[in-house]
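Paired with chain B in one complex and with chain C in the other, chain A is shared by the two complexes that follow.
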Partner chain A sequence: MSALSVPFSFNRLALIASNTFLEAVRQKLFNFLLLLAVGLVASAQFFRDFNFGSSELKFIADFGFGALIFFGSALTITATAQLFFSEIENRTALTLLAKPIWRAEFVFGKFLGVFSVIGVFCALTIGLMMALLWHREGQLMAANPEAFEAGRIMRYGDLFIVGVLQWLKFGVLSAIVLLIASFSNTNLYTVVTGFFALVICHLQYLARDSWSNVDSLVLRSVVRLLSFVFPNFQLFNLSDEIGQGAGLDPMLAGRVALYALGYITVIGGLAVYSFRNREI
Partner chain B sequence: MNTSIPAISIKGLTKDFAVTLRGVKLRAVDDLSLQVEKGQVFGLLGPNGSGKSTTIKIILGLLGATVGEVKVFGVPSHQVESRRNVGYLPEAPYFYRYLSGYELVRFYARVCGVPKAQLKARVNDVVDWVGLSQAANRRVGTYSKGMLQRIGLAQALVHDPKLIVLDEPTAGVDPVGSAEMCELILKLKRQGKTVLITSHLLAQIEDVCDRVAILDHGKLMVEGSLLELVGQRDRQALIVDPLPAAEIEALREWLTSRGHVLNAIEQPRARLDQLFLSKISRTGHLGGNPGVGSNVVPSSSVPKSSASAPSSAPKA
Partner chain C sequence: MPFVLNFLRSARTGLLVAAGLAAAGIALRPLEAPAWEEVRSRQPALRLESIKDALGQGVTVGLLGGFRAIVADFFWIRTNYVWEKYDLPATQTSIKLVTAIDPRPTYFWLNGSRMIAYDMPNWRIDKAGGYDKVPDTVEKRFDQEQSEVAIRYLNEGFGFHPEQPLIRLEIANIYLNRLKDTVSAARDYAIAAEHPDAPYYAARIYAELLRKMERNADAYAYLRTLYAKLPADNPQAMKSVVLERIRELEAELNVAPADRFRE
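Right after this comes the complex of A and B.
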């Protein structure tokens, strides 16, 4: 009898993902998302008093992306660790993994569940930010028609693409946290290490820039290796491109998306490998 | 499947856990060999830390063996295929608290590949079979221990497995729930299922098991049928109406004249759990949660049509 007589099933993977998403929704993570979204809408009231003109729109976009990156990173790390360890600590993993399922289905199912939760967060935040910008831009157009002779200046399509890229970046971060969780014994260790990984990935470009200035061959090789092991999160910061010149280069956005998907696949694969022999 | 293949075959199983970074190891199971035949109810007994749960986890592929071989229906237990025909109720089960009982069983049914066309009927059948129909739409987080055990049994049975592994199925459950769990196990036995059960309640094991094995410090101390292990083949008990002292003396003399010995005269006693059950209104205590249990269908009153676990679903 072959080990492959129970084939890898995308149905089971989707089931685990949807159950993970449901857990996040029913265990108030979703309420947390809604609270943040409402907070973002409420904060828009403050910007009305500034009336910076068209640069105000850029400010609102930057503010919105700042909120998305900050809260999104925190949510990604905590939600991934929590939703993974809730299975281990509550021993629901015992029952689930005693069924005819592959560990890869479990790991990628958890990943897709968290990725969906983050996707809802990103969609809500970006959607609200775009609605806010659209509304404010309309007000500014009415107040200063000469500044908007060529019509609206915000590229809402670009905003959406940058939002999707941020979501993919959170996907990479989630895969990293899942890799840590696959061998870690505690939720706390996973969260703390996840935040360290986030900082390293944001500062990774410094290592990449500096390896050519390092004299020692060994050190240079180590720095170079590390710069490839950790993904460069600065590549995802394309919000500066919005509303400037020709706008966001679609080819660049496509390359960044592929970069993210590549890292998700490799890191997710490592998480599966690490979790494969974990004793439950 | 070949009928000569045992449900569970364990050969020379040893499991070590590393307890320090220096490589010091704790031996949880030590050279264990066992065989559980199809259709048996097999009790795995032993004190805490004797290796029962570790053995069960290895059978389920949740842990790997350090040395030895474990097969389930002839398939090595580390293969996913080995779990196709296995249902598992873990000790003190915790399930997804945010799901209702129905949603929980449905989730596991889908994980086990129960076909969509049979899903609803199958889930309803097992939920009904364990007597939780009336509480099926409540969230699992609100269930009592007894109800958790029942919903746990439902998820273990939903894909109609041939082997059911029950790890301390009555831990923390009151005597009524415990007796009902025994009834359910006996029903499974009548359907020809193989049941592997661990329990500290030895009287309960005695009531339901065909064979038992006793482990201590990971080693197999004894294994055999209950009759072999605890039956006294060289003794018989006669239960009669109360006799006056003179007649007892006459009986003793009569036995002595025929070369027999009257070893003991005792007052037979009912078991305490039997007394308890006879005094408790069963209908009001199912699931151990007053106000809910009164609506729950007791397993003893499950209609005959559903009194046997549904077995119409194809194998996952």
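Right after this comes the complex of A and C.
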């Protein structure tokens, strides 16, 4: 019985996702990176030695988001690649795909499993950072009330939204890694290419800025095409101004979220297409 | 032959995936373009030519890749480290590097200028033999030179924070406390006080400086106008203190009871 003889099932997809999630949580890598990120956020406590005053909150927020972005990216790429290839290397993919299961269910199940793991990672890191900020802000308010005339200066709702946007960015990255994994033969190749893709997506805005200045028509066209092919990860970089009293525009956050969801859908679809053409 | 077929199949898949990605990029551009414009407008251009020599390639990529704030924080911590060692050239360079990396936090501009204007003259005096040995003229020269560096630095800050009242107040403080230049200080306090986000004390200091310059009539007129604008429910506005000073000036200026300020 082929996969197409049964209708697409969200139950099967959820089963693959929950299995992937459990497998990921059991991995030492997840615990290790989570511990590192939590350690880095918690170490922001040492900023009080420098007596930064109310600006200490900006430092804590910067370090928290730095830990989230750095370790979150590493976790997304390695966990996605590892969880995909473990199925192929252990031959469980063969058993699984021999049954009437859509390859789309397999790919999106893997994606949702990894996306949930990253969600847990983001929630824990952001939650700890917000708790630390709340606690420290309370202490600073008591010690220096004139610096907090208008009440708390940190916008905790904005911190949460930026955390969610980072999670969505990791979702796009995970979809890209799945796309690479769908045609790649090795885990190592997928991880390395995933990191290259991450750097390119972060720096593609530079190519975009400069394409109009390139003299050669061919090169200009290539650069312009590249700016369309890779998502712009700088768009998610909204955390810098949170500790400086600037508020987050909800319209902007909504646009960025839709942009991420659009890319997740398209890249996920392309990963399914590419995986369908693959011999296992 | 099977190899060629496989290659052609892979190439077709690869091309279709690339075309799909490009199509997604084009389709999502209307969503991305306004958002990117807004994000970009909040990020001042990175002046890489002025900092790339001081940073390694890895750090430069980190800066371009979105770790600008955290890199600036690390360099600010480094600034504090060299500041504790009284290393003047390293501190001054490090302060400028931090704001070249991320000019957005006013905290960097304010605290950097305080290190330059208030701490560095003392370091220079210590290095030249201490307060007992260094003549007053030399001490004043050190004050003058460091204050000029700090004011120039703060004026650069206006390029990123146009008419930021706290930066303007910092310049006024340097004129008043380091250079003892009351006229220039009064001018900058007055400019700062005009800003809607200025702290209330800027206007009070301006009025006090007018009195110090023996322009009591101007101070009186200024305080009368100021009093009317101050909120009664904000203790930082110190409305009662302003009224007290108005009364003092009325006594000094012999204002007739009928012309006296009424609340």
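Going forward, the second predicted complex is superposed on the first by the 259 of 280 C-alpha atoms of A that agree within 3 Å, B and C clash if a C-alpha of one lies under 4 Å from a C-alpha of the other, contacts with A are read in each partner's own complex, and residues count from 1 in each chain.
Note that in this section contacts are C-beta pairs under 8 Å (C-beta built on N, C-alpha and C of every residue); 3 or more make two chains touch, one makes a residue touch a chain.
Bear in mind the structure is a predicted one, so any value in this text is a computation, not a measurement.
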Chain B versus chain C as contact partner of A:P231, first or second or both or neither: second
Which superposed partner A:L35 touches (first chain B, second chain C, both, neither): neither
Partner touching more residues of chain A, whether chain B or chain C: C
Touched partner set for A:N277, first chain B, second chain C, both or neither: both
First, second, both or neither for A:L188, with chain B first and chain C second: neither
Partner chain in contact with A:T92 - chain B first, chain C second, else both or neither: first
Residues of chain A at both interfaces, chain B in one complex, chain C in the other: 277
Interfacial residue positions of chain B with respect to chain A in the complex: 57, 60-64, 74-75, 79-81, 83-84, 86, 88, 90, 92-96, 98-99, 107-108, 110-113, 152, 155, 165, 316
Residue ranges of chain A in contact with chain C within the complex: 50, 52, 55, 58-59, 62-63, 65-66, 69-70, 146, 149, 179, 183, 199, 202-203, 205-206, 225, 227-235, 237-241, 243-244, 246, 249, 252, 255-256, 258-259, 262-263, 266-267, 269-270, 273-274, 277
Partner chain A, residues of chain C touching it in the complex: 9-10, 13-14, 16-18, 20-29, 31-32, 34-36, 38-39, 42-43, 61, 64-70, 73, 77, 80, 102, 104-107, 234, 236
Touch list for chain A against partner chain B, complex: 1-3, 5-6, 9, 11-12, 15-16, 19, 22-23, 26-27, 90-92, 94-102, 277, 279-280
